[in-house]
Each structure stands twice: as C-alpha cells, then as structure tokens.
Amino acid sequence: MSNDTNGPNHQALVDIGRAKIAWAKNHSPVLGSFVFKHLNDGTLRNKRIAVVVHLEAKTAYLATLLANAGANVVAAGSNPATTDGAVVAALRDAGIHVVSDAGSDLATWERELHRAADFEPDYVIDDGAELTARIGKYRPDVFQSLKGVSEQTTTGTARLYALEHAGKLPFPALTANNARCKHMFDNRYGTGQTTLQAVLRLSGRRLAGSKIAVIGYGYVGRGIAEYAAKLHARVMVIEVDPVRALEAHMDGHHVGTAHDVLPHAEFVITATGGIRALARQDFSLLTHDVILANAGHHDLEIDVDALSNAADTISHPSPDTTTYTLGTRDVHVLCNGALVNIAGGSGHPVEIMDLSFAVQGIGAHYLINTPLDPGVHVLPKVLDDAIARSKLESLGVTLAQPRPEQVDRHDGLIDEIEL
Amino acid sequence: MSNDTNGPNHQALVDIGRAKIAWAKNHSPVLGSFVFKHLNDGTLRNKRIAVVVHLEAKTAYLATLLANAGANVVAAGSNPATTDGAVVAALRDAGIHVVSDAGSDLATWERELHRAADFEPDYVIDDGAELTARIGKYRPDVFQSLKGVSEQTTTGTARLYALEHAGKLPFPALTANNARCKHMFDNRYGTGQTTLQAVLRLSGRRLAGSKIAVIGYGYVGRGIAEYAAKLHARVMVIEVDPVRALEAHMDGHHVGTAHDVLPHAEFVITATGGIRALARQDFSLLTHDVILANAGHHDLEIDVDALSNAADTISHPSPDTTTYTLGTRDVHVLCNGALVNIAGGSGHPVEIMDLSFAVQGIGAHYLINTPLDPGVHVLPKVLDDAIARSKLESLGVTLAQPRPEQVDRHDGLIDEIEL
Amino acid sequence: MSNDTNGPNHQALVDIGRAKIAWAKNHSPVLGSFVFKHLNDGTLRNKRIAVVVHLEAKTAYLATLLANAGANVVAAGSNPATTDGAVVAALRDAGIHVVSDAGSDLATWERELHRAADFEPDYVIDDGAELTARIGKYRPDVFQSLKGVSEQTTTGTARLYALEHAGKLPFPALTANNARCKHMFDNRYGTGQTTLQAVLRLSGRRLAGSKIAVIGYGYVGRGIAEYAAKLHARVMVIEVDPVRALEAHMDGHHVGTAHDVLPHAEFVITATGGIRALARQDFSLLTHDVILANAGHHDLEIDVDALSNAADTISHPSPDTTTYTLGTRDVHVLCNGALVNIAGGSGHPVEIMDLSFAVQGIGAHYLINTPLDPGVHVLPKVLDDAIARSKLESLGVTLAQPRPEQVDRHDGLIDEIEL
Amino acid sequence: MSNDTNGPNHQALVDIGRAKIAWAKNHSPVLGSFVFKHLNDGTLRNKRIAVVVHLEAKTAYLATLLANAGANVVAAGSNPATTDGAVVAALRDAGIHVVSDAGSDLATWERELHRAADFEPDYVIDDGAELTARIGKYRPDVFQSLKGVSEQTTTGTARLYALEHAGKLPFPALTANNARCKHMFDNRYGTGQTTLQAVLRLSGRRLAGSKIAVIGYGYVGRGIAEYAAKLHARVMVIEVDPVRALEAHMDGHHVGTAHDVLPHAEFVITATGGIRALARQDFSLLTHDVILANAGHHDLEIDVDALSNAADTISHPSPDTTTYTLGTRDVHVLCNGALVNIAGGSGHPVEIMDLSFAVQGIGAHYLINTPLDPGVHVLPKVLDDAIARSKLESLGVTLAQPRPEQVDRHDGLIDEIEL
C-alpha cells in the first residue's frame, strides 16, 4: 500500500477514482432509483457488510450505496489482478474501509481477505465465494454467525451448493447468479462481448477466418462462441456435458476433445468456471503462436504454473502478454490467466453491471429483511421482475400488459374438469 | 373418412405414407437405437398408449415404435389442420388404430378425440394436453385411472401445472417440454426456422428490410425473432413478462405494446402459447397488406372468428391464405391461424424431432417403469443426458471427458472448512 | 399445349393466373410508378420485344406493362422447369403472345425459343442470354438486325462478354446484372434466402449443425453461404478465384477442393453460373444421403445425365426429389438440377423482383431511346440511382441530402494545387 | 523531437519499437515472402520512396522491407494522432529517415509533411493523398517530376480522381484501395471490427439494445453497421447515395436524415471519407450522453472546432474522451475526432494489414517497373490474384482448380454463332 496518502499525487488519484465512480453512477439507473429506495428504508443501518467483488468503479458505486444507506461496509477485491488503485483511493477518501490494494500478489491478496474476515461481517456480497470460503477456513466462529451471503458467479454458486451438500452451510445464501436479471444479461452480453474485445485488442489479431477453441459451453462460453462466430471465426468447443455439447453442435460449432481441437486453435479461451481446464497434458497439443486467455472465474483455469515449469524460456513482449517458449513453439498467455475482460479491459459494460449489482443490492436487502432457513436460495421472481421493470423504465420501454381475455390461457378446458 | 380402403388409389396412398414414415425412420437415429432398445425390454407389452401429436410421418414413426414394442396404440392428431392422410392410411394398413382423418373440421376433431378417450388409454403421449383435458371432461372415470401423461409443449405444460395447482391431477405427468433435449432444440431451432420458412414461402415476400412483430418472447418467439433479424428484418416484440421484454430489448429488438408496434408491422407472428394474442381490439391497428401467422400451439392465438365478424369481405387469394378486408385494408391470415410451420409446411426438421420424440418415448417408458407420485415431473437428468449422448454418437461427435484433476472444481476450499 | 382453352377449367386457370399477376403488381411499386411512367412516353409503340425470363407472375407483370405501353410482346420461359401454366393462360387471355407452356421437356423448350426467334424481335429482355444465343445460331438474319438486348444474369452477362470478345456482338447489350439495383439485392437477398428455403422445405432437414458445401462464391454463392451460416450450418466453399476464396475464408467458411469438401457435405449447392460444377469425377466423393441442389442459371451445373448413367437405381421418393443409388449410397437431387428456388419454390421475393425488373424495363426503354455502339453496356448510374430513389420513396424512407459544406470533400487541397 | 537519443531510456524505446516491428513481421507472411521476393529483384535500388501512412509497427515493417530492398526511404505519419514513438525510434535506429514524431500538433505535422516533400521522392506510398496533395501545393516542382503514387484509402482515391478530373495529375497513380485484396478485407473486416472495439472499450458502454447512428454506408460504414447489428445494437444509417441507402434499408437498418436519426442515437460514428459529416447544424439534435467517434480518414468528419465553439464547458473525463457540455447535454468525443480505431486502439489486425500493405508494396514495385500514362490506375488483376494466392498459401488453404470440362461455361452456344 502506498503511504503517499496526503500528497498532491494522492489527491489526483482520488479525483480520478471519484470521476470513475461518478461515471458508474450516471449509467446505473436501476441502482440509483429502485435499489437506492429499497436500501434506504433504514434496515441496513449498522449492518456489517463485506463487498468482495472485482474492485473497480461499478463495484465501488455499489459499496457506496450500501454505506450511504447506513451499513458498515468493508470492500475487498475478489481477484488481485483487477483492483483499481484510483477507485480504492476514492473509496477510502469517502471513509469506506478497503482492505485491498492494486498490484497485490497472491499471498498479499490472501492476507487482504483475512482482514476482510476479521472485519466480522454479518453479510457478504461475494464473487466466487472467495470471502465466504476463507471465513469458513480461517474464522469458523464468524462463519457460524454469518447471517447471509449473496453470490455473484456460477463458480461461487457451485461452491455454495457443494457446501450445502456437505452439510457445511449454516446460513442462508442467495445465488444472485441464478436470478434471471443476472445470468441472462451479464454472463451472455457482458462477458461474451468484453472477453473478445480484450483478446483482440491485446493480441492485435483478427478473428475473421481464424480458429478459436472455447473450453466450456455454459452461459459465458456460449456468449463468447456466439460473438466469435459473428465476427467470422471458426469456433471449436470442448465440453463435458452432453446436452451442452449437442447445443454447441447445433449452434454450428465443431465439438470435440482437446486432442481434436487444440492442434487447430489459433486462440483458446477457457470458460469452465472450474480449474485446470487447460493443463499440463494439453501443452503438447498447442500450436506455435497460439493466444491463451481465460474468461472464467479462476486464474487457475489455465495452469500457468505448469506452463511456466514446462517452458524453455519466458518473455514479456507486452505488459499484458507472457510468452512461454516450448521447444519451437511460442504460447502467449494474456493477463497471466486472470479474467481477461477485467484484468485486460475495463470489465463488463456499465449498463449490464447495473442489472447484476441491482440483484446483489436487492439480494442483500432481502437477506437482511427476510427470515430464511440455512441453504442456497434464489431471489424471488417478484424482485427479479421488479428489477427488470425498473430497467425497462429507465430505457423508456413500455411493457405490454396482459389482457383479461388472455388470462385464461387454457380456454376453459381446466375449469371444466371435475374430479 | 374415405371408404375407399381397398382400391388402387388407396394402395398408392398407403405406399406414399409408408415412404414418408421410412424417411422419418432413416433420419431418426436416436429413436432407432437408444429409444428402440429401451422400449423393447418387454415392459410396454399390452400397455394401452394414446399418441396425440400432429399426425404426420415423424409422429407415425414414434407410434410404430411403440406398437412394435408390444403396446396397444391409438393415434390421433393434436390439431385438425395438420393430419396427413397418406400417413394415416399407412398406419392403419400396419394395424395401428387411428381415430383421426385428414381434413376434419373442429367438430369432427372433437369427436375423434372422444374416440381416443373411449380407447381408455393407460398412458398418453400428448401435445397441448389436448387429449388429457378431454379425458378429464368427457371420461372422468378414465382420467382417474390414467397411469401417466407425457406432454410435448409449453402450452400443455402450463395446462398440467394449472391442473396440479387446482388439485385436479390424480396421476403423474412428465413435461417432455422441460427436458433440455426438447426445448433447447425443438422450440429454438425447429420452430424458428420452419415458421419463417413457411411464412416467406406462402406470402412470397422478403424479410430483408421489412418490419415483423413477434408476440410472445419465450423459446419459440425468441427463435423466430433471432432468425428474422438474421434475415435482415427489423423485429418488434410484444411481451408481458418484464425479464423477457428486457431480453428482447438487449437482443436489439424494438419492444413495445400493441399500439406501438402493430401500426408498423408488415408481418405479425403470434407465439404466446396462449389465446387471443391478436384480438378484436388490435384489428384497427393493423396496416393494409399485413401478413398474420401463428407459431403457437392454439389456432386461437389469432382470433380468426372475430376477424371474420369484423371483415367487410373475405377472399382466398391462394389455398393457404385468407384475406379479410376491413374498410380499405387487406389483412392476410396464413393457414387460417393454425400452426403455420406444420399446417403450411412440413413441420420441424426430422433430426430435431428425433430428439423431441426420444424424450417422449423415453418418457413413456419411464412412466411405465417408475412409481411416481401424482403431479408434474421432469425427465431425470440422467435420461436427458443419455438422449444427448446417443444423438452425439449418431453425429460422430466425441464428447470430452472430465479429468481427475478438474474434479475438485473448488480447489480444496470446501474440504478445508470444518464446522 | 392444352387445347382446353374454352372450358370452365380454362377460365379457372386464367383467374388464378390473373390473381397471381395482380398480386405481383400490388407489390411492385417501382414498376407501377417510375417504370410505368417511362414506358408510357410513346417510344415503345409497335416495338417488337421478346421477354424471356422465368415465366411466372412477376415476369408476366413486366410483359403486361410493356404490352400496355404499346409494344408488340412475345413471352417465353428461360427455363422449361419454371413456367407457370396459370400465368401463361392469363397472359394469353390478355392477348399477349406466349410461346411457352408449363411442363415442356428440353426439346419442346428449344422449339419454343425458336418460335420466339421467329417472332423477329427488335429487342430482347433475356435471362442467361438464352434467346439471344439461339437467335444467333438459328436466325443469324434476326441477330444482325437486333437493336438491343437487356440481360438479367451473371451467366448471360458472361456470354455477352464472350460474344463481344469473339467479335460476334453486332448490337448494343445492357447488362442489367451489373446495375447496382440488380446484383446488390436480387443475387444477395433474393437467391440466398429463397434457395435455402426451398432446399429445407423439399428435404425436410435441418441446417443447424449440418455441413453444407457451396460451389462458387460469387454474389449468389456468398448469399447462400451467409444465410446458411446464420442458420447455424457449417459452410464449406469450393472456389477457383483466389480473391473470392480468400473472402470465403475470412467470412469464416472452410475453403477447399472437391476432395477436401465433398466427403463431409450433407448438402451441396452449386452456384457457379457455369456448367458441370458437380460432375462425374465428384460422384465417388459424395456421402450417403447427401442432398444436391442448384442455384445457378443452368440445369447443367449438376451433371444429372452423368449421375443417371452412374446410378444402379433411380427412384422418386417425392415429386421434387430424384434419388440416385450408387452402390450403398443414396444421392438426392432436388428439382432435377433446375434452379431450386424457382422450380421448387416461388422464386425471389416480389419486392426484390420489383427492383430487378425495373432495371430490365428501364433498360429496354434506354436501349430504345439511346443511340449506342454495339457492345456490352451498363445502365447509366443516373438511371440506377433513380430506380433506388423510387424504391426508397415507396418504402417511405427519406434520403439524406448532401450539404453545401460537405461538397468540397477535399477540404480545399485540390484547388490549391496549380500546375 | 526528443533529444534523448543516446540514453538508456532511448534504448528501451528502441527495443520496444523493434519488438513491435518484429511482431508485425511475424504475422505478415505475404509481405515476408511474396512481396519480399518482388521487392528484392534489384529494381528498387536507390529509388526515393516516401511512405506516409499511420506510423505504427505494421507500416514500419513495410518501410523496412522497402529500405532493405535498396530504396531510399522517408517515413511520415498520415495523421498526427497515430504516430507511435517507439516505432519511430526503432526505425531511426535502423537508419531509416523519419520526419514525424509522436504527439505532434497539426502545425508540426504540416511541417513534417513539408520535410517529406523536401525529401523529393520519386514515389509516394500515401494515405489520404496527404503527402501527394502537399507536394502539389508546396513543391510543384517535385509534383511535376513524381513518377508514381500508390494510395491506400477511399478518401485519397477520391482526391486523386478529383485531381485527374481537374487535369492536375501529371503522373500515374495506383489506387491500392480499389484492389480487391485491399477493400474487400481491410475496409470491411479491419475497420468494422476495430472501430467498434475501440468505441466500446473507451466508452465502457454496451451495444446490446442500444441505438447507433452510422453516417456513410460505404465499405467502412457497412462493416461497422454489420458488426454493430451482430452485437445486438439497433443501427440507423444516414447516407446520400440512393443505392447505398436502399442497401442499408435491406440490411435491416433504419435509414433517415440527421433529423430523423440523431435525436435517437446513443452512439454516432462518422464514416463518410469526407468532411463535416457531423457539423454545427447537427449539434442541437444530439442527445445527452451521446458518444461521438470517427472511422473515416479525416479528423474533420466531426467538426470538433465548431463543437468547441458551441460548448459551454469542455472537460476530459478520461485521456481519450473530451466532453462538450451544451446546455444540459453532455456530448463525448472520442480521440478528438481522429480515427478511433488507430488513435484509440491498435489499428487493424495485423493479418489484414499484411494484405493491404502487400497491395501497396507490389503497387510500388509495379509503378517502378511499368511504363504507365499519367492518371489513376488499378493494380492488374493478375497481381491482385497473386497476393490472394500467397495469403491462401500462408493459411494452408487449397484453392480449387478450374476443370477442362468447365472451361466452356457457355456450353458451346457462343461458338456456334457465326456472323
């Protein structure tokens, strides 16, 4: 952490961070109206809330909203590569407790999360269940007394279900990811668009006519494959789920195993939400000059450590590219395997995060105000719908109304049955 | 029904029907291998099964498979406009009981369904819950003793849930529609593609640059809108669900009410799965020369009776088109408001129906062999996956396998938590 | 030709044909206003004009417009498989001389074209240069005195240039195909859309996930490939021109030779505008159950005669499908290799033909009113633009106007140079 | 220009520039083989060649190739906003004469071009005809003795034709832009993709569901509109050419005037190749928070000076964004109106520039080796084709070969005509 918290450079940094947060605010109408109104009903006052999401301007605006509603907020980054120093400076300047700094290495980041656990939050707005899992390991006392977790991602949702299945979830957890206002927009429009943008910008290559392998065909992978095909790439998919694999086939992509696919790929994007999607045994399949990038939650989808061990030489042709030379082949990894659209870009479009963070903000409010059994829950449809209504209103879109004569969709058939 | 069951014309009809069913068989590898093996384990012997789906070649092949496995099958059409006379002749020639004929009017069709109810089936493979609902009304005794229903569509699924909610579902019902191997392919690739094909062929118009209104943005409506946009149409969507409306907006379509949208539409396609999606109060909004067509289950989505009452004159410029003249405006309805892709085309692609009918065939087998509580059930994921695996195999696609080192997706985090 | 020209069936046929032509008229605003005005300035009076295009409703409307403007018109079909009997009946009933009949075989069609040559036209509106070439062979006297030809297609344009190059073009010929209002719309939106529509409807197959080979990547082939990719097919292209082959590659298609491509294709579409694009030596490369169809001008792109010679058996599973069995492989040819979108569909969308026939109608008027040297000419840009303006007007589209301050695009740079 | 040409920082800059040029070389197989071979036949030796294109790595590789082939090269940037300082340092270090520096203002840039004119080149590889026009104005003596110009862009081609039309073109000029290997790839795949990438990254906005106005529907505008529609934007087009306007309509875009379109646009992209496409009279039509960016050659397409005069306040929320506040409306201009994909991104994909610069390199060689009349010329088709062949070879794509039996495309018809 820089000690330079009083000098002129510090103030410039605060000003830049403030401008970024103001920009996020200006383009987040659902957070600014619908969510704002809910949060400010007094129920957040003095609640201890940890916000552990990629620590950039949009997250900062969510944290600010919670703090302004009276909550006692601690903010931490869910990934060491994605923390924005200017935003951190502005948050601290506004009196919000931030435990993360830009540029932390993995060990430092672990310590930051421990500090967030020591904050002893009642509620966690989490991403990848990173803080939740660490509270469980490091502060089991806090884990037992947690009042609720709202989780952002597919990866974190899988972890929460695993905890529940193992009988280790003593508090209610909301999977924001399963809200329609989250996964139907964020995972599809957000990640697909911004992942390819970042890969193309950082690599300087063209997609038209090139071959790209997408590993994992969930919402994120499907979005990436769809955009890549539209940009005239030839898409190949590696997927272990048979229905998704069939979907990828019907979408016009070549579906196969790592052995079928990797020797042809000019780009490989991992999007499994798991770990080691591209691992030691795959390296011999990669072609010279291939670009590797990760769109999934973990830095661990591309096994960069194994790649490092396998490489004859390692070079850095540009700040965001590491080149591993394996014999005669150069393998380029973007952003060291971190989420390429955030670490190597500016993350999701602000209007999409307005929806995702609305789900998180409303989710936190719902957890605070609703008695729920321990276990994984989904945001009630009525709140999901209300977020969509607020967004439509901000967009000036008029929703059609159901008409009385349409209400009996069953044309009397059901009513006439008597048992 | 034609009495001409022995003459040479009859034999020619049987031959045509047989050729069509043979064609369906040749392009249905999942039905022919995976489903065939399941059905022929002896458990279908002497089971009374009603198959009530659009009565064309692909349905006939499913009915034949069931009969060959020893079941006592009755076949009926789920819609009077979609029954293929040659297929009926071939089925009857093969000794299968068929209660429907081509060209029936609505009253005749009702009598056909009553005959199917009087067959007293144990199991129903249904479409729109058309037979199930009629058994409920007309033969409550049979309704009480039904052992299971497997339902094809969104509309029928809604009806089954409504019955369950009203406490009127005394048997287990499988919603084939909710199987991923059904709705992820049939509703999206099947209906979207074939609806537009039929509309363009029957109307002789171009989509490029034209404005098309899609009413309802479920799987079917979304598929139609997606294809229309790809064919360079400008798509407008009317939808009452706020999240779907937002999805339509983010997909790049204009979203609005009937008043916003209809005065600009050159084509209007209904896809709500309900009734009166285009009704009396909308007629004044339609422009001269507009084409109306229906892609939803019901002939009732376009209120053709009301249109008929409102029209000054009615003409038939071509066999599949009815023109209603309202003052100075001509409104053209395709296929009298029946499902345009089946009534005015040849239905879904055969390879897609291979998946949908695999779900129905496996669903019937599952109902017969599994003790289930009354209520609506979904096909177990393991069977859904097995259907997809069989399809992938027939397509020569190799599925990737999960690797041991990927199995702990949670990288140890969960295990280390102790409560 | 049917002799039944007075009976009630004949009148019904005339009525059907009239209704079809009226429908074409109603959807052809450019022909009905801009072209109508030009043609009716008196200059067409008593000119002998042959119209030799696919003889269906849209062509009939063009012929009617010319006749109503005072021309002495003979109409013939440019392909024996695409003549519409009802349209022929209606044209004859209206007093227009028609030499073609529906259902003619190739020999009859040749005789029909000879009759058109014997009509001794001054001007020919041609398609594929079919009449022009036959006048050249059969009636060199008429060929020498021809005053002008306006040609519809890429194929015919190539023939005209070949004639010019061989010193055998003693009259001015307009290549309508090179007008932007023709090839930018007709070849791309018209053929791409309607070819795939016809192939999918006649075959009952799905494109999603399937492999389609397109032979020839000109405007037509590119349109087909584009639509097929959008319908989620995997497209393979065979092309001999290197720049077009590179374009196909950059569009995301697999580019290769017949040996690379055909063994993987489930559909093969020819679109070279030449002959024998799929010939004897290719048959051993085709897979079982492949669908072959032609989108190019000639019935000769698929060498059906050679296929017939090579086949063990030939069958007709449906009216529009011929199945050639080669050993264990079935090869299905749609519409006997004729243009599948016209012979097996209803041709191009009417609004697109409004543009193409506007070019032909204005082209004929231009030939009549403008002294031109022998040779191939292109419609002047000012007329091409005027057709587009008329279409935009009919569509209610307002064209932006250049502004004075934009007029010097060169920002003074050019003016300041003095030599 | 920095004087620090010997310090350690300078060497680091040289190394960065070298690495960039090496990267360009590694991904430019056509330049590296086909073009290299042509250039090194000895004919370039001691020729004075000016290379005036955006001065970044790919241009530097072209300049290096020319210099290594023995030419006496001067390099200048065609736009002051797009010169890369590291690349300049590396070129100078390699002994190539570079007159431009990064960060020059307009006046400095003019002086740089004058220095390039004073180099008295025999040949110019130009972009926008920027150096050609300045030689004409500033050094008419050099202009008279110029031996040839090869021009990159639509804008520059228009200028050369204007010069020819005004009788002011005393030397042969090749329009590289009209080579198929240039405009079919560079303008379409290159600019469309990279312009939207840059706009989305710099603005942090989403395209899905948003409205974007594209001014100008040439190759560049069409590419932008196509990609924007694929990313689910709703596209509006302003175009003065009626055929292009009709094409935009048929592509599914809304076509209208500035008054129709601008009040709805969230993004406005200029792509006319002219000047003042977005000018004083348009400002009142812009909505609050609109993003303006330019994809055309000139910084003058968006009249930034007029916007500056009209603004109440001007701010710089980020390095690449200038915000003009007009009353209550904020109007954001990206990269000050310079080409957003180069000034705010890293330009075209390297593999696309390999084609464009192959055309320029081969064009220069052709000018040097071929006696041509003064006037605008197009690269011969045989050379265009050869470039495509070389690219296909580098991509491992096998081109199909015409077969003898296809050669007579006219099926004998032409031969049988005798005059």
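Which chain is which? They are A, B, C and D, in the order written, and residues in each are numbered from 1.
Rule of thumb we're sticking to: a contact is a pair of C-beta atoms (placed from the backbone, for glycine too) under 8 Å apart; a residue touches a chain by one contact, two chains touch by 3 or more.
Small disclaimer: the values here were computed from a predicted structure and weren't measured.
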Tell me which of A-D and A-C has more C-beta pairs in contact. A-D
In terms of CA centroid distance, which chain is the most far removed from chain C? A
Between chain A and chain D, tell me the centre distance in angstrom, where each centre is the average of that chain's C-alpha atoms. 37
Distance from the CA centroid of chain A to that of chain C, rounded to the nearest Å? 52
Provide the list of chain B residues touching at least two other chains, using ranges where the numbers run on. 189, 208-209, 232, 249-250, 395
Touch graph across the chains, line, ring, star, complete or other? complete
Which of the residues in chain C end up touching chain A in this complex? 208-209, 229, 232-234, 249-252, 254
The residues of chain B that touch chain C in their complex are 19, 23, 26-27, 189-190, 193-194, 197, 200-201, 204-209, 227, 230-232, 289, 317-318, 345-346, 348-352, 395
Contact footprint of chain C on chain D as seen in their complex: 129, 133, 136-137, 140, 143-144, 155, 158-159, 162-163, 166-168, 170, 180-181, 184-185, 189, 238-243, 245-247, 249-250, 255-258, 260, 272-277, 279, 281, 298, 300, 384-386, 388-389, 391-392, 395, 397-403, 405-406, 408-411, 413-414, 416-419
